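You will see two complexes here that share chain A, one where it goes with chain B and one where it goes with chain C.
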Partner chain A sequence: MMGGNGLEQLYFPGCTLKTTAENFEITAKETAKVLGVNLVEIEDWVCCGTVHSLTTDDLMHHLAPTRILIRAQEMGKKMGLGWEDGCSLFTLCSMCYNTLSQLNELVKESPDKLDIINDFMDEEADYEGKVKVLHLLELYKQIGVEKIKAKVIAPLNGLKVAPYYGCLLLRPKKVAIDNLEDPTIMEDLIKALGADPVDNPYKSKCCGTFHTVDKPYLVANLAYKILTYARRAGAETIVLSCPLCAFNLENRQEEIKELYPDFQRMPVFYFTQLMAIAFGLGDFCRFETNYVDPLPLLKSKNIIKVKG
Partner chain B sequence: MSESEQGIGGLWVRVFIMGREHEVPQGLTIMKAMEYAGYQFIRGAGCRGGFCGACGTVYRLENDYKLKFGLACQTTVEDGMYLAVLPFTPAEKAVYDIEKLRPSKTVLLEYYPEIAKCVSCNTCSKACPQELKVMDYVQAALKGDIVKVAHLSFDCIQCGLCAMRCPVGIVPYFVGQLARRLYARYISKPSRMPTLRVEELKEGKFDAEFEKLLSMNLEELKQLYEKVEMEE
Partner chain C sequence: MRVIKITAENDKFAERVEDLSGQPISLCFQCGECSSSCPVASEMDLLPSTLIRLIQLGQKEELLGSKTIWLCSSCFMCFARCPRKIDIARVAEALRQLVLREKDVDRVHPDKIPREEREKLPQIAIVSALRKFST
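Let's turn to the complex of A and B:
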């Protein structure tokens, strides 16, 4: 539907984007506007639960993602967002994407489980299984590299960027947003912004996720490998799409420094922050909330001019 | 026998109070029915007006598998009702000094980290005798939206039934209480009208009117009261 602000797309932020990763959300919304997309937050969404439960009889942990998709479904109907084929719901956080997407696969494969879930949630409309869960990167792939290039006013020339997919955008195969062995969706975006993508061996290796809470040094070791191999491959920074990956790869550099004193800190960006810089919307990036200040790198590349 | 003892239209219902069968007059509240049956409340009763939350009650009806919830002072007895009043909810309340807190995005999560375990089953909302959207305010707490938590939980009477039903051990009513305290202390603007009215009182604006009221006898006051126009 074309509204005054462009193409309206249903959007699920997730809890972290409302608390510690506000810079991810604001840059996503602002850069989407530049590309003619108005991200409309679904009403009264709940936390996705963060992990897709693999226990076969554990339906309790599927209630939250189902409730989200029901509320998206009802809002999609109300807004007339192409309901006959099911509407699309865009996510930003890799973890939310994976949890919602895997739920969709589960209810397709097991209609009996969907029946039980629908019966339990007798206060909601039934989930019809038709909401399409997509990641924002997929929308940008649909929009196309040429249209993105056309909006770049401050190209990221010479910036060497390692894309980091983590474990949630590409696996399991049925929810992968791209070829799981040889993804290019982030590389294409990086190129469109004028930067150089740097292939790196640990781009789809897990960051350690929630182990960061009780085993920070285990995570620091994983992050050390991911960052060090990216640097060895020639990267100056890493780009990702998950607030937990961001915390583990960026904030855990404190513990990495303790373990490996020679370690050289590396700035970490959300892909939407890189887009915001390239689109001339750098003010939305809120780099002051970044643990590793990316400004020295951006200044050294003349991407952000030194003021005064 | 007075009219109330006979029940409305002289009908009686069977209720099972903590498993023991009693015949009580139809139309009584659970609390009055229990007193009729001989119970004396020393806990689990407070205002008797649906505000204090002391008399949270669980019950089932014959041939209905669902557990139901209400306040003993507000819910009327039905035939075949099995019930128990829960006068107290064992629950851990976080200790904080409201003056030292800040209404940050993560303060509710910091004091009640278990809200992150919410599975969105909505069992809490179904247990709420005030029909609040309990799950939605727990979720708003998770998103750091203190204002939304305060508004959605405004009518909470702290009966604790939500916490008794939560499968992951969240204590929603204390989370809502902290949000409302933060809202009142740091977010809501001070109300302008009471300040102005206090000034007017100090200036003696209403002195003459008070003198007039104080000089009236009971009959005159009654007549005056009946003429008062009430806002709908």
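Let's turn to the complex of A and C:
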């Protein structure tokens, strides 16, 4: 449906985009607008639970992601968003993407489990299993690099960027948004913005995820490897799509510095922040909330001219 | 060499883990791909491939007392590469659940996370740690 701001697409922000990753949400919405898409937040959403429950007898933890997909389903119907084949629901956070996608796979494989879940929930409509869960990177891939290039007014010339996919956009294979051993979706985007993608061996190795809560130094060691190998490969910065990876690779640089005093800090961007800079929307990036200030790098490359 | 005598009790445990994880653990032929792919293998007391072997042999005490099951980060790298298509993240979750359900002891508690950390951690970190390490 075409609204005042372009093609309307449903999206699920998830908890962290409303708090520590506000800079991710705002740049996603603004860059989507430039590309003719209005991301419409689904109504009355809940936390997805962040991880797909992995034991065969646990259905309780599948309720939250199912509820989210029901909200999307009902809103998709109301708005007439291609309901015959099911509407699309876009996610930004990799954890939300993975949890919702894996739920969809589960109900496809086990309709009996979906029946139990639907029976358990009295107040909502049944989930019909047809919402397509997609990640924003997939939307930008559909739009295509040519259209993205055409919107670039401040190309990121000379910026050497290592894409970091982490785990949850690529694994398990049935929910992978790209080739799981050799993804290129972020590289293509980086090139479209005028920057140079830097391949590196740790781009889909785990950052340590939730271990950051009770084992921060384990995470710091994993993050150290990821950042150091990216730098050795020639990268000046890392780009990613998950607020937890962002925390581990950026904020845990404090702990890395304690363990490895020679470590050189490296700025970390959400892919939408890089897009915002290239589209001339740098003001939406809120770099003041970044733990490692990226402005010195951007200034040294003449990408952003900062007052004062 | 370690000799293990398998009893009906051991077989029952192996079956319980296969059921709870939904994984064909008996298919593992010890190629070691999981252990070489695991990002946290260096911290583990049992390598992922050893973990699987010990389940085949029903070694309940050693498995449920291991550090390994609390170190798996469910990154699914081992599963992506396993030639027998065994999802070890699901196996580790099943073993953690056996401990959490039996002993009812939370490994992570919100009150024990230092306030300063709690304020800066993203919600998804706290929620996922609680989901993995508490009942």
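The criterion applied here is as follows: the second predicted complex is superposed on the first by the 306 of 308 C-alpha atoms of A that agree within 3 Å, B and C clash if a C-alpha of one lies under 4 Å from a C-alpha of the other, contacts with A are read in each partner's own complex, and residues count from 1 in each chain.
Just so we're on the same page, contacts are C-beta pairs under 8 Å (C-beta built on N, C-alpha and C of every residue); 3 or more make two chains touch, one makes a residue touch a chain.
Worth saying up front: this structure is predicted, and the values here are computed from it rather than measured.
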item	value
More chain A residues in contact - chain B or chain C	C
Touched partner set for A:Asn251, first chain B, second chain C, both or neither	second
Touching partner for A:Val145 - first (chain B), second (chain C), both, neither	neither
Chain B versus chain C as contact partner of A:Val46, first or second or both or neither	first
Which of chain B and chain C A:Thr20 touches, first, second, both or neither	both
Chain B versus chain C as contact partner of A:Glu123, first or second or both or neither	first
Partner chain(s) touched by A:Arg67 [first = chain B, second = chain C, both, neither]	first
Residues on chain A lying within both footprints (that of chain B and that of chain C)	15, 19-20, 47, 49, 61
In the complex with chain A, residue positions of chain C that touch it	19-22, 39-40, 43, 71, 73-77, 79-80, 87, 89-90, 93-94, 97, 107-108, 113, 117, 120-129, 131-133
Chain A contact footprint on chain B (complex, rising order)	105-106, 109, 116, 118-122, 125-126, 135-136, 139, 142-145, 167
Chain C contact footprint on chain A (complex, rising order)	14-16, 19-21, 47, 49-51, 53-58, 61, 93, 95, 167, 170-173, 180-181, 204-206, 208-214, 216, 218, 222, 243-244, 246-247, 251
Chain B-facing residues of chain A, complex	15, 18-20, 44-47, 49, 60-61, 63-64, 67, 120-121, 123
